[in-house]
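Here the structure is laid out as structure tokens; the discussion comes afterwards.
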Amino acid sequence: MIMEELKSKLEKAFGSAKISSNYSNNLAIELDETQAISMLSYLKNLGYKHLALISCVDWIEDNQFELVYVLSAYMPSDDSYSEKEKLNIIVKTRISREEAKYISIIDIFENAEPYEREIHELFGIHFEGHPRLTPLFLVLKYDKPPFRKDFDTRQFVDDYFGNIPPVE
Amino acid sequence: MRELELYFGPQHLGMVGNFSITLQVEGDRIVKADANPGYLHRGFEKLMEQRTWMQNFPLVCRINVVEPDHIELIYSMGVEKLAGIEVPPRGKFIRSIYCEMARVGSHLFGLWAYSNMLGFDTVAQWAMYHRDLLLDRFEELTGARVYHIYLRPGGVRRDFPDGFEERLVNTLHSIGGKVPDYNATFFENSVFEKRAKGVGVLTREEGMKLGAVGHSMRANGMKYDIRKIEPYAAYDQVDWEVHTSEGGDAYARLFAIRDEMIESVHMIFKLLDKMPAKGEVFTKTPNPFKWRVPEGDAYVRCESSRGELGLYMVSDGGIKPYRVHFRTPSYTHGLAALEKVLVGESVADVGNIMISMYVVAPEIDR
Amino acid sequence: MDRNQLVKWIKAPAKMGHKYSLHVVYFCTGCGIIEIPPSITARWDAERFGVIPVATPRQANLFLITGYVSTKTLKAIIRTYEQMPEPKYTVGFGSCPINGGMYWDSYNTIKKLDKYIPIDGWIAGCMPRPEAVFVAVTHLWTLIDKEMADGYKRYREKYDYYRANQEKVFGEMEWPPLYGKE
Amino acid sequence: MIIVQIILVPIIALVMGLLFMGLFRKMMARIQWRYGPPITQPLIDIIRMFSQKTVTHGFMFEAGLVLSLAGSIVVALFLPMGNITVFETGGLLVVLYLMLLGPLGIALSSGESGNPNSSIGISRKFLLALGYEVPMLLVLLAVMTHYNTISLAEIVRIQAYRGWSFGSFPLLLSGIAYFLILPAILGIRPFEIAGAAQEISSGPKAEYGGKFMAFSTLQHGLQEFIGLSLFVNLFLGGGDLFGLFGMYANTFLGNLLAIVVLLIKMLLVFAVGVCINAAFPRFRIEQALNYLWTWPSLFAFAGIVVIMITG
């Protein structure tokens, strides 16, 4: 119900967005990179104020990174549950893999800060406007950010920590 | 006054888990806090891309040591959502009971850590003892004390052993019988009230801005609980309440935790009453070595003992996941919220605030 | 247990002292730490045998390395270990420090811990039960008795080897070598 | 004779200090549903610590500890041990001043180490001392005014025939005040603030290892002995047990019995302290000051007013 309403509303506002809901309670929105930020602030104004997750998927065959923002809503009043909070909105946008950079959304969602920091470290995506893109988890220097698909962990372990047993 | 740089952790008695906070201290006040995670980073999500769907179960539970069960649950739910598997009714009930047991155990561990932080050994020891009684039941049900690996896509691994319900009820009664003792020694203790009241305040507005979930929100009076919002397992089949408290400080959070723990115990009794007596506990899944989960991407979430636990999962139709990303409650609590809340507090309250927000280090680092 | 034998105390007070006063550095290096609270609290009560956690490495003489060691932790472990006063003992807890365990192909956890610091004993399993901690402690007593718990001596003698391994992981280290070249 | 006393009294004090610590751990264990370590565990720890190699942080690091331990031992010599008081001159005033040497030495020593946890611990320690010193001074003033003497031995002797001061009316209020600040003097919870392990890595002790730790443990034991001994001597009649051993006065047996009675009284008071320790978390420093400057200070002030009026 509310999903249909939201769908039509979004389709009106963002013509180019591909909106689908293949799974229950999930609403996936695919956008190109210029529109994703405005989509996020638009959704925030609609009441989807809880940024649950920022993730990144490395589509190496398409030579693209996909940034994934998952939004949901806090409850409007203290003790009533509605359909609105049930909804998880997944906003997806693809950026180029060679020149991996995007705009930080800290101004819109404050808790995006550690997520973007992590993605910068593990995928090597630069976020413009982020106050501290310092290393979060890692101390070693990797020749490639380790979460990229072309980073071979087994080769790395072999080189750095000595032999590993043969597998498979 | 001279500014000092103080390393709180990783080697510190007040630090539960391998985590570190660099504090800028002026006298006894904190002027700047800098969370420094990564001591437990194993690159789980990368490792999971290299293993088959079923092989990942031993890995996922190790993301959170204190409460591995909800991580198992969320992973199973993710796979079920992508593959379109239904869980049989009895399996759903067993899942709920299992997760509530885990919640009680986890909160008892939290009570251990919290009272230890205040230097209250006595209650700490009691809580740990009671958690151990519960771990005995886990051992009986699953064969392991800590990492149970009991859930699987489509249900649970096996049915309850004979007479398990009765022994579980006895254990819960023996824990619940001590609640008055806990109240008298800890929750009604005036020194605890002095230490916790007004400390580490995370208001509702700030919490919503920083993505706070779970009991951090419930301590502000908001009944934010995924079990009610988006019911999974068998939570929509019994009557239960979400308990809240007011104030948003460590004191309110502790009371939210206590009430939730008591509610969980009651909920287990109700679930045991309503559970279908017989039936399958899991749906058959294909051969795990050849199992291809259909292409797609989904986000699932559940309510762990620390708040909303989410999982974003991408499958490209292969025998291995293409990408998994866990949204853990400690992540936002520990990295975004903690740095804000700690500023202006006393050095003595770092552990106090951290544990009351229930920051579990391995969950942050993954 | 020969804690009450006065003759032994008079003969070798230092050795007996080391045996029955094992103070553990409280350092949650990995997930193994989850079984430490049960073993020091009411149910198992390690304090019976004089095993208690202490706040700083200076006061301790036993280092329980509980679980997998990521590279960032390894740095902290080396620093903590070097701060402990001799004689000091280390016990690796769980499968992961032995050979990497289930993180054998992880890019951020080190595999064989005894390449970087000397280990006196291992507890295998994931998770080892609290009883295993006590078995380890009793084994450590035997080792101390026979003067076989000599990890700290090995560290001093073969410091170049350990330091080289550490430097292989970290490159340049921020602190100078503990033992100078003799 | 006095040389024997000078040697024996500190030894008794040290042994009692260790016994207190052992008892503390055992009793805490029992309250927490545990079996607990043997009562000799602190001694075992100290033997172990003395046999460890240590790192020093400079001259003051060692000298401060020695100063602190020596200061505490000297205080023990000024306290009546049953019927024996090694140095009677000076009495309470000297005790009061010498008692500062213990914390001061620790402060000098751990300040040298440069560990920020230590410096926070020291500042807490002195703030706490500031907190309990106010009511304590008032209490001592009341006692001295009431008995018209500054000699501790004299006070103990008077109590033997006039009854314990804790039970007598004009000093009751002061006694209560002293009892309320006793946990702060002993450094047990809720006032275990200076050495809070979970907050500041055991504070001043953070850099002590091996023999330094052993010295500071011994000093801690002595500190507890002094705090308890002062309380028992001032308010619970010292080594007197309702004049029961009056016939043995000034004999060897009488002196021995007096010492035993004193130690048993101290143990009983300490047991009460352990129970308080087990039932409370620790205060924050400003809350501790808040507490110390309200109820105990009020009682102490009321006590001294009553003494002034009744004479």
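For the reader, a short list of remarks on this structure follows.
Read from first to last, the chains carry the letters A, B, C and D; within each, the first residue is number 1.
Assume a residue touches a chain if its C-beta (ideal position, glycine included) is under 8 Å from a C-beta of that chain, and two chains touch if they have at least 3 such contacts.
Worth saying up front: this structure is predicted, and the values here are computed from it rather than measured.
Among the chains present, the centre nearest to the common Cα mean is that of B. Farthest chain from subunit C (centres taken as the mean of C-alpha atoms): A.
Simply put, of B-D and A-B, more C-beta pairs touch at A-B.
Centre-to-centre spacing of subunit B and subunit D amounts to 44 Å, using the average Cα coordinate of each chain.
Taking each chain's centre as the average of its CA atoms, subunit A and subunit B sit 23 Å apart.
Put simply, the C-alpha centre of subunit A and that of subunit D have 61 angstrom between them. Subunit C has its Cα centroid 41 Å from the Cα centroid of subunit A.
Looking at subunit C, one finds that residues 41-42, 54-57, 72, 105-108 touch two or more other chains. In subunit D, 32-34, 197, 201-202 are the positions where the chain touches two or more neighbouring chains simultaneously. In subunit B, the residues that reach two or more other chains under the touch definition are 12-13, 38, 41, 43, 46-47, 50, 125-126, 129, 365. Chains touching one another form the pairs A-B, A-C, B-C, B-D, C-D. Across the interface of their complex, subunit C is touched by residues 137-142, 146, 151, 153-154, 156-157, 160-162, 164-165, 167 of subunit A. Listed in rising order, the residues of subunit A touching subunit B in the complex are 22-26, 28, 49-53, 55, 57-58, 68, 70, 72, 74-75, 78-79, 81, 85-86, 88, 90, 109-111, 113-115, 135-139, 146-147, 149, 151, 153. Those residues of subunit B whose C-beta lies close enough to touch subunit C in the complex are 10-13, 15-18, 38-43, 46-47, 50, 58-59, 62, 65-66, 109, 112, 124-126, 128-129, 131-132, 135, 144-147, 361-362, 365.
Contacts from subunit C toward subunit A in the complex involve residues 71-72, 75, 100, 104-108, 110-112, 115, 168-171. On the subunit D side of its complex with subunit B, the touching residues are 28, 31-34, 116-117, 119-120, 123, 189-190, 192-193, 196-202, 278-285, 287.
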